[in-house]
Amino acid sequence: AYSTEEERGARAVSRYPVPNKKDLPYDIVELMEEVEVKTGFLPNVFKAMSHRPAEFRAFFAYYNAIMNKDTGRLTKADKELIIVATSAVNRCLYCVIAHGAVHRIYTKQPALADQVAVNWKLADLSDRDRAMLKFALAVCQADNITEEHFQELEKHGFDREDAWDIGMIAAFFAMSNRIAHYTDLRPNKEFYTMGRT
Amino acid sequence: AYSTEEERGARAVSRYPVPNKKDLPYDIVELMEEVEVKTGFLPNVFKAMSHRPAEFRAFFAYYNAIMNKDTGRLTKADKELIIVATSAVNRCLYCVIAHGAVHRIYTKQPALADQVAVNWKLADLSDRDRAMLKFALAVCQADNITEEHFQELEKHGFDREDAWDIGMIAAFFAMSNRIAHYTDLRPNKEFYTMGRT
Amino acid sequence: AYSTEEERGARAVSRYPVPNKKDLPYDIVELMEEVEVKTGFLPNVFKAMSHRPAEFRAFFAYYNAIMNKDTGRLTKADKELIIVATSAVNRCLYCVIAHGAVHRIYTKQPALADQVAVNWKLADLSDRDRAMLKFALAVCQADNITEEHFQELEKHGFDREDAWDIGMIAAFFAMSNRIAHYTDLRPNKEFYTMGRT
Amino acid sequence: AYSTEEERGARAVSRYPVPNKKDLPYDIVELMEEVEVKTGFLPNVFKAMSHRPAEFRAFFAYYNAIMNKDTGRLTKADKELIIVATSAVNRCLYCVIAHGAVHRIYTKQPALADQVAVNWKLADLSDRDRAMLKFALAVCQADNITEEHFQELEKHGFDREDAWDIGMIAAFFAMSNRIAHYTDLRPNKEFYTMGRT
Amino acid sequence: AYSTEEERGARAVSRYPVPNKKDLPYDIVELMEEVEVKTGFLPNVFKAMSHRPAEFRAFFAYYNAIMNKDTGRLTKADKELIIVATSAVNRCLYCVIAHGAVHRIYTKQPALADQVAVNWKLADLSDRDRAMLKFALAVCQADNITEEHFQELEKHGFDREDAWDIGMIAAFFAMSNRIAHYTDLRPNKEFYTMGRT
Amino acid sequence: AYSTEEERGARAVSRYPVPNKKDLPYDIVELMEEVEVKTGFLPNVFKAMSHRPAEFRAFFAYYNAIMNKDTGRLTKADKELIIVATSAVNRCLYCVIAHGAVHRIYTKQPALADQVAVNWKLADLSDRDRAMLKFALAVCQADNITEEHFQELEKHGFDREDAWDIGMIAAFFAMSNRIAHYTDLRPNKEFYTMGRT
């Protein structure tokens, strides 16, 4: 049931076994079906995490608490941009490809996520977006975060609660990128082309 | 209410405001009181995270799912050792000091966590523990994780489910270390001396 | 005539002035028109380099000598893959985006160049392609190249002349990536979507 | 007589043979006994270095010239702090543990050396101490030392002779850390608990 | 005909076969003879590149276009200094030794190239030369090049066309250094002593 | 009396004041005169260190104990090679230039020290010398030194006492390089040309 790199040609969703829906707890199936309806397909991170139902619940509850909260100045597109930029540092194939696709969907901009994946400093971003990514990347790299970091954000209209939001997304994906690495999580093929035209 | 580094002399628990207990939701107070009874004091991570009740719940539910699960070959001491070793890489003051203390409590060994904090390769560890930390550090550093990584673990009796456990703890603390950095989370003074005699 | 980053919104082809066709030597115009017919648009590297006609000639003559030679085991797709992988290390926006597009055109594979741009070790590549990229990346990083490097290539059917070809492409794009950086060369928007469907 | 890592369970003082006192020159025994009386035990660095009597004499004469000189603004606690901070960079188990202990004895502060060992920028230090450590770490890392480095020190009351003192201690422990690495010098167990209560 | 490192004692010009003059195209022989007359010996880079006549022509045409152009503020000595400084970063034995020699010939300064090879920041250079090398090294390291880089050059009298010249030499030798690595190009023994007295 | 970088044109021996001989203790003058007779000039390290007579004595006593000892398999040329290779890593201008010169004097080989200064792996060295430098560089970089390091040396005829000698020289020059950095110690001009013809 565990996949190995030998089989890379027809590479699985994850290195770990993915349970059949019928063997999964009802709440997990319910969440999966809701996502599948909304997205048009089930992103592989749901399949991979279902190998551990308790951790599945914890992971997506946390994700929901930070990605779907209503407060703060970060737009949905901002959040996806933070994920692409920080996941590129960690060379996380799943997160760069999947969240790049979601960013294209939200923004209707076909090129920006690709630019950020290669070199965020050369991307066609506003100064506000650059300040946001700079903070996110400092958190991503586990830098010491100082008053100067917060003051730079404030110059671009982000208060300390926004800083927390940026930092928490960067921190959560520091975790997600590493889970993707040890599970060898593979992006669904749909993500590569989503939102490109 | 936000603290700054100017005040470092009498440095706060966190850079973010810590609510009074009376202003916190009941379930959070309940968890805090339970921990305080068990530990003898309330670790600052609970205070700092209570600034965001929804994220407090998500964080500790996740923590609980991976640190207090009953299955697998990792002992409580193993888990603390993984946290100390990976948090040292990220220079996370809170996690190295707090989890070093918990490791001393579990193991009755006063020196091992300090050794791992300085240089895990020179610490008085068994080959099994070394293999465990090597995998944890590969995840911590966002390395590509290959079949060879799993095979090395297997030589020391860790199967793929144990690998997930090691990887998930390393990944979760990759997140925690970064939250500690942006909140400037300070260790309780009790941790420095706990379990030393 | 020199562009600055202030104008990033409507960012130019290059930081340096791009001459009008009518002011360019005939041989350069001729080459440009030939490329434009073949590609459907004129890639910006031709415009940017035309700022220096003598260097334009030298650059494209060199490019032609290594990219369009008939001998050796490297396919056109192999060469593009080497460029994407090494340019990703140098975070060269132009080369990753433009040569990723050309790779998609040659291979009809919509995902591979994106994978290599993010993390070549996780890309769906054959062992032969991995060996080729490993050598290219060693050259890219200015590593000392030893007999072991050549022997690894030989295991996958590349002889020493193929090694030269791989090394020379990696070396030439070590130059190109740096020219792109100091000229602030921007990819044509066409490249982002080419070969995706 | 040479120890190996196989025996790590009951790990020796050093990888090199430690002579019996009766086989050592009189002046070395005399120094050892003086230190043992003062400290309450004989730190392992004395045992390890006695393997080479001529180098023992040179090492401790040098140590004495810089650590016990009466001039300059550096206190004994300052010197120990420099050693802990620079040895942490070199991941020198012996020096971080032993000099952390001595720092606790001099300062009666149980937490500061542990903080500096994990992350000196997060330690509860005065601006003066931070400036001192910043200079020491620049020397430790073999940075080019410029006028700006000296001017920053001057702002905190350190003149150029103090700079020499800081630099020389950082340089001497650059040597000591490396000797500890190749001899596999182990801290006496007493150091771990000294000055903690 | 391919040399290996086994034979390092009497190490060849290059790892690749060097053709006999009689087997080379006439234009290549002609260029070689012209250089040999001028220099007093034939630098090994000509021998090594003659293994690939088409690439030989492209390489030296490019070299000529940037090193022997008449325009711009860079002197011949400036260009050699850029080559020594950037090749030292890439640890390119051939380029540091050969172009250090040429620098000595042009400048009559026996020590400067050696200083730059070891540590350019400690070399006896003017502020203008330092600014020039700083830009060259930013290009060499594939840094993002920003407006600030150009403005720093302008303070020392270099306009944007001079910046292109500096950048292009740094970029061309980024290529040359890597070719030298994979061909194992060895400096002629004459270079070590040229211009020293 | 303190020199600054402003005066770089006619740069002093050291950033710190150099006493007149008449103000120095007799033993220091005596040692200086002995060295001057032997070398033909007084190397600047003696002048720079005389700013601190007690440290002068300690430094040269230590130097003497390790560089002029009669036992062990390291030749005088071996020791100089170790100094050049490790000082190149630390970019120590004084030590690379001065000890490169001494190496040329001992070996009559005009090129080897220059090769090692640029890239020791490409230098014309025996396998024995490579093994020696590899160990020295591991110590220089403050790597953890393991049994494998000693076993590799043993394959080339170096026992554990030779390993100590190699390690101690690397460690002592880790200190010397850093002293040279903070004192801005400049090589005597004689060193650049010594032993070249």
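The first chain written gets the first letter, and so on, giving A, B, C, D, E and F; residue counts start at 1 in each chain.
One rule holds for everything that comes next: contacts are C-beta pairs under 8 Å (C-beta built on N, C-alpha and C of every residue); 3 or more make two chains touch, one makes a residue touch a chain.
Since the model is a prediction, treat every value here as computed from it, not as a measurement.
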item	value
Chains touching both chain B and chain E	A, C, D, F
Chain whose average C-alpha position is farthest from chain F's own	A
Between chain D and its twin chain F, rotation from the CA superposition, multiple of 5 degrees	180
Centroid distance [mean C-alpha coordinates] between chain D and chain B, Å	29
Whole-Å gap separating chain D and chain E, where each centre is the average of the chain's CA atoms	45
Between chain A and chain F, centroid-to-centroid distance (C-alpha), Å	52
Contacts with 2+ other chains: residues of chain D	91-92, 119, 122, 144, 184
Pairwise touch network: line, ring, star, complete, or other	other
Inter-chain touch pairs (all)	A-B, A-C, A-D, A-E, B-C, B-D, B-F, C-E, C-F, D-E, D-F, E-F
Footprint of chain C on chain E - complex, ascending	2, 4-6, 15-16, 51-52, 54-55, 57-59, 61-62, 65-66, 69, 90-92, 139-140, 142-147, 160, 163-164, 167-168, 170-172, 174-179, 181-184
Complex contacts: residues of chain E adjacent to chain D	119, 121-122
Residues of chain A defined as touching chain D within the complex	144
Chain B residues within the chain D interface of the complex	8-9, 11, 88, 91-93, 96-97, 110-111, 114-115, 117-119, 122-124, 184, 189, 192-193, 196-197
